[in-house]
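The chains carry the letters A, B, C and D, assigned in the order they are written, with residues numbered from 1 in each.
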Amino acid sequence: AKLWGGRFEESVTAVVEKFTESISYDKALYKHDIRGSKAHASMLAKQGMISTSDRDSILEGLDEIERKIEAGEFVWRTDREDVHMNIEAALTDIIGEPAKKLHTARSRNDQVLTDFRLWCRDAIDTIAESIKRLQISLVKLALNNKDLIVPGYTHLQRAQPVLLQHLLLAYVEQLERDAGRLLDCRVRLNFCPLGACALAGTGLPIDRFMTAEILEFTAPMRNSIDAVSDRDFVLEFLSANSITAVHLSRLGEEWVLWASEEFGFITPSDSVSTGSSIMPQKKNPDPMELVRGKSARVIGDLVTLLTLCKGLPLAYNRDLQEDKEPTFDSVKTIVGMLEVSAEFAQNITFNQERIQKALPAGHLDATTLADYLVKKQIPFRTSHDIVGRAVALCVSKNCQLKDLSLDEMRSLNPVFDEDVYDYLGVENAVKKFSSYGSTGSACVASQLDCWVTTLGIDKSKP
Amino acid sequence: AKLWGGRFEESVTAVVEKFTESISYDKALYKHDIRGSKAHASMLAKQGMISTSDRDSILEGLDEIERKIEAGEFVWRTDREDVHMNIEAALTDIIGEPAKKLHTARSRNDQVLTDFRLWCRDAIDTIAESIKRLQISLVKLALNNKDLIVPGYTHLQRAQPVLLQHLLLAYVEQLERDAGRLLDCRVRLNFCPLGACALAGTGLPIDRFMTAEILEFTAPMRNSIDAVSDRDFVLEFLSANSITAVHLSRLGEEWVLWASEEFGFITPSDSVSTGSSIMPQKKNPDPMELVRGKSARVIGDLVTLLTLCKGLPLAYNRDLQEDKEPTFDSVKTIVGMLEVSAEFAQNITFNQERIQKALPAGHLDATTLADYLVKKQIPFRTSHDIVGRAVALCVSKNCQLKDLSLDEMRSLNPVFDEDVYDYLGVENAVKKFSSYGSTGSACVASQLDCWVTTLGIDKSKP
Amino acid sequence: AKLWGGRFEESVTAVVEKFTESISYDKALYKHDIRGSKAHASMLAKQGMISTSDRDSILEGLDEIERKIEAGEFVWRTDREDVHMNIEAALTDIIGEPAKKLHTARSRNDQVLTDFRLWCRDAIDTIAESIKRLQISLVKLALNNKDLIVPGYTHLQRAQPVLLQHLLLAYVEQLERDAGRLLDCRVRLNFCPLGACALAGTGLPIDRFMTAEILEFTAPMRNSIDAVSDRDFVLEFLSANSITAVHLSRLGEEWVLWASEEFGFITPSDSVSTGSSIMPQKKNPDPMELVRGKSARVIGDLVTLLTLCKGLPLAYNRDLQEDKEPTFDSVKTIVGMLEVSAEFAQNITFNQERIQKALPAGHLDATTLADYLVKKQIPFRTSHDIVGRAVALCVSKNCQLKDLSLDEMRSLNPVFDEDVYDYLGVENAVKKFSSYGSTGSACVASQLDCWVTTLGIDKSKP
Amino acid sequence: AKLWGGRFEESVTAVVEKFTESISYDKALYKHDIRGSKAHASMLAKQGMISTSDRDSILEGLDEIERKIEAGEFVWRTDREDVHMNIEAALTDIIGEPAKKLHTARSRNDQVLTDFRLWCRDAIDTIAESIKRLQISLVKLALNNKDLIVPGYTHLQRAQPVLLQHLLLAYVEQLERDAGRLLDCRVRLNFCPLGACALAGTGLPIDRFMTAEILEFTAPMRNSIDAVSDRDFVLEFLSANSITAVHLSRLGEEWVLWASEEFGFITPSDSVSTGSSIMPQKKNPDPMELVRGKSARVIGDLVTLLTLCKGLPLAYNRDLQEDKEPTFDSVKTIVGMLEVSAEFAQNITFNQERIQKALPAGHLDATTLADYLVKKQIPFRTSHDIVGRAVALCVSKNCQLKDLSLDEMRSLNPVFDEDVYDYLGVENAVKKFSSYGSTGSACVASQLDCWVTTLGIDKSKP
């Protein structure tokens, strides 16, 4: 019989039981549920609502249950609905009467939110660590590919030459903000709902500050209705994950492009590639395709949760039970994406020779040439136009800017001089960059140093 | 070793293997994979690409594998990546050499789509049946609640009196279109990709019409690149599910409202209600809350799939592996929602007395009164205004329209006569409806008859 | 004063008026609103509810209003809330008393849905034509690039050689299904809600079959509550658009890739390219980037509408007013995407020479070689493995398969013979394809012929 | 001719121009574009790249343009593509040559992001103020409805009695977190991209710290590629808006329920209600329905942007132009939702008498009774069961708990005593709550005081 069965004359049908159960997934909360129950029992004892010996029985019983679960010996029962009822009922099976006092001044409404906030807090810490690991992998990749110039793209058209290091650090920056969002979310969610009970609090003499402290929350939540009804902490969490997922999808796209025959920038090792069941020559960068693809799922999880919460009146509604699976899926997916991206980063080789050979294509030095003219006092718009015509000339002659003779350049504008050749060619172009945050070697080196320090990387170990 | 390992010198890392595997969920396709392989083997034999005895070994081996899977004796191996490779490798374990010929003129690209289309086709049939069952439950509920008048709402404000039957049939209409969408989707997806191979077809002498026919597809797909790269059939399927889910979420909301103390229209039986762990008096309509909530998940699954496919170049990309889990989840969820809604419909009682007592509130006969004036040749806009003032009078007197004296009404407009009282009161108001599709008793009875016939309901059995 | 003001003592505040108005966008429905009102007036007259002369005044007044709107002389007033009230009030300004009879046996609830279904029906026809125009552009592009072989990709890795025509026809197939979905949607939505009134129908003697027929609907809707409350027809419409948008995003991605320096398959003309404000050499395929990007918006519009409808009780709720802007945006966006894609298709040149030069890379003939072995009775799995090793040999020697000597091949398996060279090289590989739907020349030619006929293309005009 | 036209021989077609233009909406950025250009010009002058007199011409010309725009005298031209080119070209029209130097060391890529970040920063400040206004309205509503007890709900079933003030403060708490999210977002986005140029920075001697300071950014962004390519600041902003929108949708739902005939808790004034075109008696809470509905649109905008960014390679891609319309729409919508909610809050009356009369229904004191038993040393589970049976008894007798005789109660358990009646009845039940954050009067009063102080509310003004 259900634990809430007092006024009920009939059990729920099999169809309803199967449709409404949550034990198949919320058992993932067991560790946090037990931790919360222990804190609650300790508080009940301190406040004199249960005896010290009842408390001790409860604590020992819960330890026994945790041990059983982790040993795979615990039997989860669907007829006991959810993780809370399974554990409480098992506790009753083990210790008897004292177990019936555990739910004093507590409802599943505040209990599940205590569990879930604890779980999310742990999950945030896990993701933050994975983010850092990926940052480290990217910085190491940068360290291992010093001085390599690659084309920078806009519109997937070659735009300007950039240092590979500079480009890799752009991802490190993104990830740093991702971690920042998680941290903000963590601070905001770290308040304790325990003691809000069903929705209105209780008249029993509980000490919410004590349980909050034991559970390492900043403080108890201030409003019991808010405590049991809102899910904004998960929405914020899944939003943060979605943004990280979008970042990773872009990294995925980029590396898939780079691994193509046409780009040919990187060669992933066999250990991060897969083959084809029919085409014997294929070697595919599957992990990064899946990173790109799985971003969709993290976004879908967020949409599920936003749509779920939309239009629900206060306070708790059963719909909210559906908050867990998308959250679990979002976390599992994003951790996988971060981990495999780090693994991939550690298993690619840059094809320096091939990149270098292809660099001249695309007139990557055109903007540097325009800057040259600006330095010669030509207004930028005019410079832009002159260089535009120089490029048109190169296209018609099928050559590079540096192949134009001084006379040819002077035919476009007399200001050109011999020193122009210091600005042409990809290597020269990169050397000219000097602004803060630019791809100039000194700027990039200084940024890289900052990251090495921030991330605590030991440069001696590749 | 992977089956595609010929050119590979290194296995994938554990992280990559775990991240890229699909066997944990695509084993759900086993039945369709085996069915497809049998058709393929038969065709290969008929076309002389394998011997009859090879074919027979293959067919028997596949039967054995299917038997094992259904008996729970089959060991799914993650290192064999997916359902296709698991079954093919197991076949090799059982029958040896001939198994190596099964993948002739086939790629996992066309194989998985054959499996997946077959699976979706079955799933559509299952959902269509569940829809019909819910329609039948709703029609039966209507049959069992003849003549019951309930308030019809707009803006959740009482608007006009309607027959409960009429209202229930609105849901039946929605569901009928839902089924229609699934049927259209089924027709459109029922073309066979098998033989498209990796993406370009094959030079081996296969007969795609034969396999299409064995597998009950309308015809083979016309373009091999299209066959392996597009997922529009799943997008359409999940769109159809999402629309159904929205319909059910509205039913859920309505029934949750109706079960509230404030509305009090229905009492769900204990067998479809649940209680509270803390509040002993609670009896909650959880199944319909979850129906409302789970709609979010069906929508989220669609968003996942749309986002997944966005911006992928031709042809197959590994991202597309992620098409399965959202589809499986969408189908499982929508079937559960339909089933539990039917179960709920069969377990509610309408509180006729309470409804009737509350009916007079809300001036539900106001529009009927305006129609009365129109019949007396007052232009509608003027009638609307007169009745508006009559309602204001009632509000100030705290009475109903039918409680106004003829003099009071005539003070608003002299055209009122004794016959006006035939138009007032909820019962009179309902009687006046006569237009096609309206809530008039005759119209509703005729619609109900149509549905009883269409759905093959035996009216003698409640 | 509002037309519904009878019982109201106070006007709405400015904040509320601004927030709730819809005239700023629903005026787009004016043509359909007028058409619906004309049908309604004609019916009222035929049924004797208004006089013939009232009807004629109404029809003339509506004509005058339509003329004014199209001449830009009509003043839309926010205090008149929406398109219906604006037109009805203007009609009263023009023809006086008879206008007050137009709203007889009609509510804005059924009126707006009549307008909206008519609008969607027209929009579907427009989109279907745009789809056809893009199909024609793609087929013409195929006709103009006969015999061009390009690499076919899976995982963005070169897989097998395919005819460009074959690849372009894959998009034509997708678009054909897109049109099919729209057509199904059109059939399903083409039922007339007019006469459902507020939600319950009416007691006035209207003829819903007459108005349905005048407005070219299949029939009146059968259930008045369903008629005013459901929005599944828009959800289905926006779903269809979303799927089309996903298809176009993939085309966009592909063409952006092809236009890159690295792929270099196509050169878009200057007339469909844009430049950079800073980098003088840039020429970007912006239209196709925006096609890819705008797909997001079509998906977002669908999500808006699904979320909007989720969890609303019957019947009409004001939330539903929000159905229009996402629909208008979806239609405008998808039409723009289709048009610009067709324009782009007409303005690209394939760089045949460059493509041909790059074709040997990627061992595109590996699968054809495996088929060769299968024809020599080697089981496919074994063949796959042998070719895998042959490819590994090529990689180590940095050569193509056709560069291997017969001895080298025989060292892998003795079955190789001189005839193997007929299977090697990209041109040979393509020639070998023969299965239905494959990239074999004959298959593609036949498919192309079908499309030329289906789309009514005059092959003599490029 | 386009400003980037140097190498182009042909203008874009009309279809492309219409499809790719952004001026129709990005003109909303004019103020921030001008502000950014002024900062840039000042910096160029200080760094010696333009003369002081050029700078002054530029600053004056920009002032003149701003004046014209605000006076409605400025002509926006589609052939000038976007807000940046429109303003720069107009500047050239006005001041000639010096204008051509403004774009020195700047690209539209960094320019638009500078504008957009400034715009978002302002928008955040606007929304934060609107949030505060709504909080104040809710707190005032609470202050004006002291001591009013309403049913608290879970599952939309009556659960426990709560103070209306407590319930209203739950929304104030939600909104406070919403504001916190915006603030975090503001801090994170407040870094300056200007000077990142196209993607790589520049070789010209710019001072990015100076422009950052003038524009009140915390600092320049550290990585130029990151600066022009990422949109996570908008994703975070729209996520925050979506969560706020979900909160408001719940408030909307609750108030729509409360305004229904069945609940009857509140009466909105005529000034925030609307009527029906057909049903003269209707008075609908439209603004809150639209608040609920418009949440869908804010969510849809977020989905658009997430989907847009998914899978784009570095750095800028034209797709990203589509970031603006969803953002503008999200901001406009959320501000409207907040404003109208505040307006609605100021225009509702609580129907105290009706609420009080209905309070006894639902056994809201059942949990308090269970607490009574706990205080008598009955374990909670047993107490819950006893009260469950007491409720069942009430249901069968159709009475309230307080109507049960002591004998009846003792028949359930002998521990009941006379003092039990101090725990029964809604008023008694509320009085018993005492835990921190509970609905007990003292707790609520203290929370209310905090909010009055935090929000700076003058309690003397209603």
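Criterion: a residue touches a chain if its C-beta (ideal position, glycine included) is under 8 Å from a C-beta of that chain, and two chains touch if they have at least 3 such contacts.
These numbers were taken from a predicted model, which means no experiment stands behind them.
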item: Set of chains adjacent to chain C and to chain D; value: A, B
item: Rotation, 0 to 180 degrees and nearest 5, that superposes chain A on copy chain B via CA atoms; value: 180
item: Chain A and chain C: spacing of chain centres that average the CA atoms, whole Å; value: 33
item: Centroid distance [mean C-alpha coordinates] between chain D and chain A, Å; value: 24
item: Shared-contact residues (touching 2 or more other chains) in chain B; value: 3-8, 103, 109, 154-156, 159-160, 197-198, 257, 275-284, 286, 289, 292, 295-296, 299, 302-303, 306-307, 310-312, 317-318, 367, 384-388, 391
item: Parts of chain A lying in touch with chain C, wherever the complex brings them together; value: 151, 154-160, 256-257, 259-264, 275-286, 289, 303, 306-307, 310-312, 358, 361-363, 366-367, 369-370, 384-388, 390-391
item: Interface residues, chain C side, partner chain B - complex; value: 3-8, 49, 92, 97-105, 109, 152-156, 159-162, 166-167, 169-170, 173-174, 177-178, 180-181, 184, 188, 195-206, 208-209, 220-230, 232, 235-236, 239-240, 242-243, 246-247, 249-250, 252-254, 257, 292, 295-296, 299, 302-303, 306-307, 309-318, 367-368, 371, 374-375, 379-382, 384-389, 391-392, 395, 432-440, 443, 447
item: Residue numbers on chain B that touch chain A, as the complex places them; value: 2-13, 15-16, 18-20, 84-85, 103, 106-109, 197-198, 269-284, 286-287, 289-290, 292-297, 299-308, 310, 317-322, 325-326, 336, 339-340, 343, 347
